[in-house]
Amino acid sequence: MINSLIKNNDAVFSAYIKLFNNDDNAISDIAQTIIAAAYPLICFIITIIFATIMVLLLVYLERRILALFTLRFGPNRVGYEGILQTFADAIKLLLKEDCAPKTRKKVFFFMAPFIVLCPVVTAFCLLPFNNFYIQSNIEPSIILLMALASIPVIGVFLAGFSSNNKYGLIGAARSIIQAVSFEIPIGVSILAITFMTGSLNINDIIQSQSSNLGLFGWHFIPQIIGCIVFFISALALLNRTPFDLSEAESELVAGYATEYSGIKFALFFFSEYLLLFLISVLFVCLFFGGYLSPFGTYVLPESLIFIEQIFWLILKTFFIIFFIFLIRAALPRLRYDRVLEFSYKILLPLSLINLNIAVLIQYFMGAK
Amino acid sequence: MKTESMEIFQTLSKFKRNGFVSLISLMAEDLSPNAEGKDEFKLHYTLYNPVNKEFKEFETTINNEAPSVSTLYKSANYDEREIYDLFGIKFKNHPNLKRIFLDENFEGHPLRNDYENASNCDFKANIEAESKE
Amino acid sequence: MKNNDFNMIIEFTKGAISIFKSILTVFCQAFKKRVTLSYPEQKPEIPDKFRGMLELNYEKCIGCGLCTKICPAMDVLKIKENENGIKKLTVIDVSRCIFCGNCAYNCPTGALNITKQYELATNDKKDLILDCKKISEIKAQKETETQAESEISQENIQKAQEMLSSDNQNSENTDIPAFVTEEEI
Amino acid sequence: MKELARNKMTVNIGPQHPSTHGVLRLSVELDGEKITKCTPYLGYLHRGLEKAAQDRLFAQYLPMVDRVDYLAGFFYSQAYLSAVEELLEIEIPKNAQYIRVLTMELNRVSSHLLWLGCFLMDLGNQGAVFYAFNLRNEILNIFEKITGARMMHNYYIFGGVRDKISNNILNDILDFTQNFNQKFKVLENMITENPIFLDRTKGLGILTSEIALPYAITGVNLRASGLSLDFRKEKPYLIYDELDFTVPTAFEGDCYSRYKLRIDEIKISLDLVNQCTDWLLSHQEGKVALELNQINIKPKAGKAVSYTESVRGLVMCHLITDGSEKPKRVKWRTPSFYAVQVLEKLAIGNTIADLMAIYGSLDIVLPEADR
């Protein structure tokens, strides 16, 4: 069972060994084991560096884009057009004194940021940025990814609960209920996708969307309802406007993170934006053909396709994220009880209808 | 004209029965010390009748105490607390007669005529001390 | 019931459309002109009547005391006797000023004026306590110096004048301190 | 478990809470997310303005009056000055009256715009506040040209106003009012039909006239519940009886109708501004102030009360003098003071999110309530 799970991974690993092993006998067994031991570490470091750059870029972009819609400039002084602003902010947060209330529950208070951060970073290894190199290409990767993406809520709850702050407690309770109610429509719309493709692997789902039609072969056309439902639920899962109830500034100050400061707050912030990136990538992979080119064929020569694939994926993801930022500037916040009503009365039925559509398509058109 | 304290309540309830349902303003004025050398205050009630669009001003002189009209007019609750805070007039049967603007531990009632303007003196003393430095 | 459901669907689609409309209106704002001024490089337009820093023409002041009488912040302006025994307004404590302009509006001789200067932030609060006498002396000294310079030789009058016109601009900006503290006296 | 479920939680909102616009403290008792009791605490911004009047000359107190409500300073100057002018027994020139009305109505628009932005921010909208402030900025620029300051104007004086408004500025004002609707459309498109906004405001915080009258609520909050009490019509001051305007009313008394009324009021005020500007453009010669010695104001002993319809409701200035050069007692009747009080009643049964919406829709400005 486990062997079959890491089957794909083995292939990548052996390819990695071969990279260092130009003539087959030159490398000794000891060196091979050292490389084998270093492999996860290198993966981890690459992930962390990539994630950090992404988060810093996203925070910067959010501020610039929000400013764009509100007739301002946004940060434009530090570095070229303010590109180093978030870097400076991050350094400031890391060097800041870490204040915490005396009455906190110490263990949980300390644990909470890490519980939020770790699963999000872990989930990064499941993302297929191109067809050639996926850190961990296990068979049911989408299930694992959704499972990892729903763990942070526990951390959020612990943070609100352990900081002994009433705003934090209310925020934590809100985010738990929100996560529980919005994971159902997300799950059902993913189910519809898996019906369409017959696979639980994200890479397979992307591959199933490739056709000569390019853009028009992607899942968002037959699954338009599912696409909308997934997007709205993702907004709720990410605590973005109009569903930012757990950290509603005008009501709960900062929600669960009210008592956090310095590096712990930075971790919350970091994982929040990382999750935003993660879910957007997943959304693109499921409905917008992941790393596929919108023209059907790749522009660059075959040896450089892996770069082009990364480019397309990042471009699409940023487009989605841009839209999420736009919504933040435009819409007011929904009320707490209305959010739940919206989830159960509108999104859940819609996602079920979408599931039926997927089944019908599969029945009449047959598997690809 | 000096009214007995219960009379204020009765007159105002009569006004209310006649349609003056809104007490738009309540103001106090310090007249003390009066001819006898005692505390004397004047209360100005301004009433509004939304049906006839009519305004009525009603004045009365009191000593240190007056009946609360907050059961008749809800808005009088804060007004009376303000007057208690700044003048020290005690309103009988008021549901929550506490200071509204100033701190609970503040001494004296600043708008009374016999109030020593201590804080202002401090302010000037501070300035002098600063300039000496 | 069916009719009711139908109405609900219509309302739902209407709502979705108007949400989309509001998102679109916000999106269109991205193409409009930015409002922000990049402050130190780009300065705002200051209207003529702007009430900024106070300025005293020390010679004109007659020490009548109207300004101190009408100042709502009460301790901004201080009148003192100078060495000749003439009362004049000498200290302006801008750190306590509320910039209402009452003193300048009611000055009978026009000695006290409002300038357009609005960049008043300093590191030390004492920088904002102006000594009018000191400022006027420095100004007078500067003027006599420039006059003396210009009278040196008739030959270089033209050159000197050219130099002066540029020098004056520079000197006004750099040499005369805008604020003179009491400490410096 | 049952006892635990029934436990109520007391949350202290403010005085440093992002949506209390200043320094109001609300002590809220929560049952789950439902509010069962709400107690406001005032006084964090108390500056003793009534006490300060007793130490100061009439003209010396005048600049401080702008600061009672920093968003609508002109109204307070007008209230104070009309009380003093009543005791001085003077009538200010026609031009001055028109200029006062013009500036006050512009001020009304600017204050409503600020309210609109902050109200939407309370509801969680991040963008609208910038559009509203941007529009308000244009009005403040005009004020800066007219008076020399953006918020604390000190422009009205005893017997008129300080300066004439030049033709250039009047034309600027006309430009502004003509372009206003087009710019304001952005906000209206964003909000008025937005189902989330409607859901958050319709039927919420209903203030019926039965509640509003005993609580002495005035202004837009009262007019939203069906009573058309506007002191510009009721007790016309200045030249309001010569101007042509209507007083909009609504009957629902909820947050949405209060929002609607304020939007209507912005438009009516702009119309009034237009009327005043047209009049002033054709009457440039007239005096704008009586020649009074500003420092030596000594009204006769007596009592004067002035009624002014401010942005937030009725502003009354009770002035009692004893013939000296300082007022004996100045009492401000401020509308926000009463609007805070009604919050106790309106909050009950609503959630925290709704409390912020109600609080925002009542347009409470704390310095005004605390004085």
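Some points to look at:
Which chain is which? They are A, B, C and D, in the order written, and residues in each are numbered from 1.
The rule is short, and it goes like this: a contact is a pair of C-beta atoms (placed from the backbone, for glycine too) under 8 Å apart; a residue touches a chain by one contact, two chains touch by 3 or more.
As the structure is a prediction and not an experimental result, all values here were calculated from the model.
The pair with more inter-chain C-beta contacts, choosing from A-D and A-C, is A-D. Chain centres here are C-alpha means, and the one lying farthest from chain A is B.
With centres set at the average Cα position, the gap from chain B to chain C is 43 Å. Separation between the centroids of chain A and chain D, computed from CA atoms only, is 47 Å. Centres computed as Cα averages put chain A at a distance of 51 Å from chain C. With centres set at the average Cα position, the gap from chain C to chain D is 29 Å.
Chain A has residues 69-72, 329-331 in contact with two or more other chains.
Contact of a single residue of chain B with at least two other chains is seen at no position. Multi-chain contact residues, meaning those touching two or more other chains, occur in chain D at positions 127, 131, 134, 190, 194, 196. Residues 56-57, 59-64, 127, 131, 134, 137, 144-149, 152, 154, 162-163, 186, 189-191, 193-196, 294-295 of chain D are the ones touching chain C in the complex.
Those residues of chain C that touch chain D in the complex are listed here as 14-15, 18-19, 21-22, 25-26, 29, 35, 47, 49-51, 66, 69-72, 98-102, 105-106, 114. Residues 9, 11, 17-19, 33, 120-127, 130-131, 134, 190, 194, 196-197, 199-200, 351-354, 356 of chain D are the ones touching chain A in the complex. Contact residues on chain A toward chain C in their complex (touch as defined above): 68-73, 76, 326-327, 329-331, 346.
Contact residues of chain D toward chain B in the complex are 42-43, 46, 48, 50-51, 54-55, 209, 213-216, 218, 227, 229, 234, 305, 314, 316, 318, 320, 328-329, 331, 333, 337-338, 340-341, 370-371.
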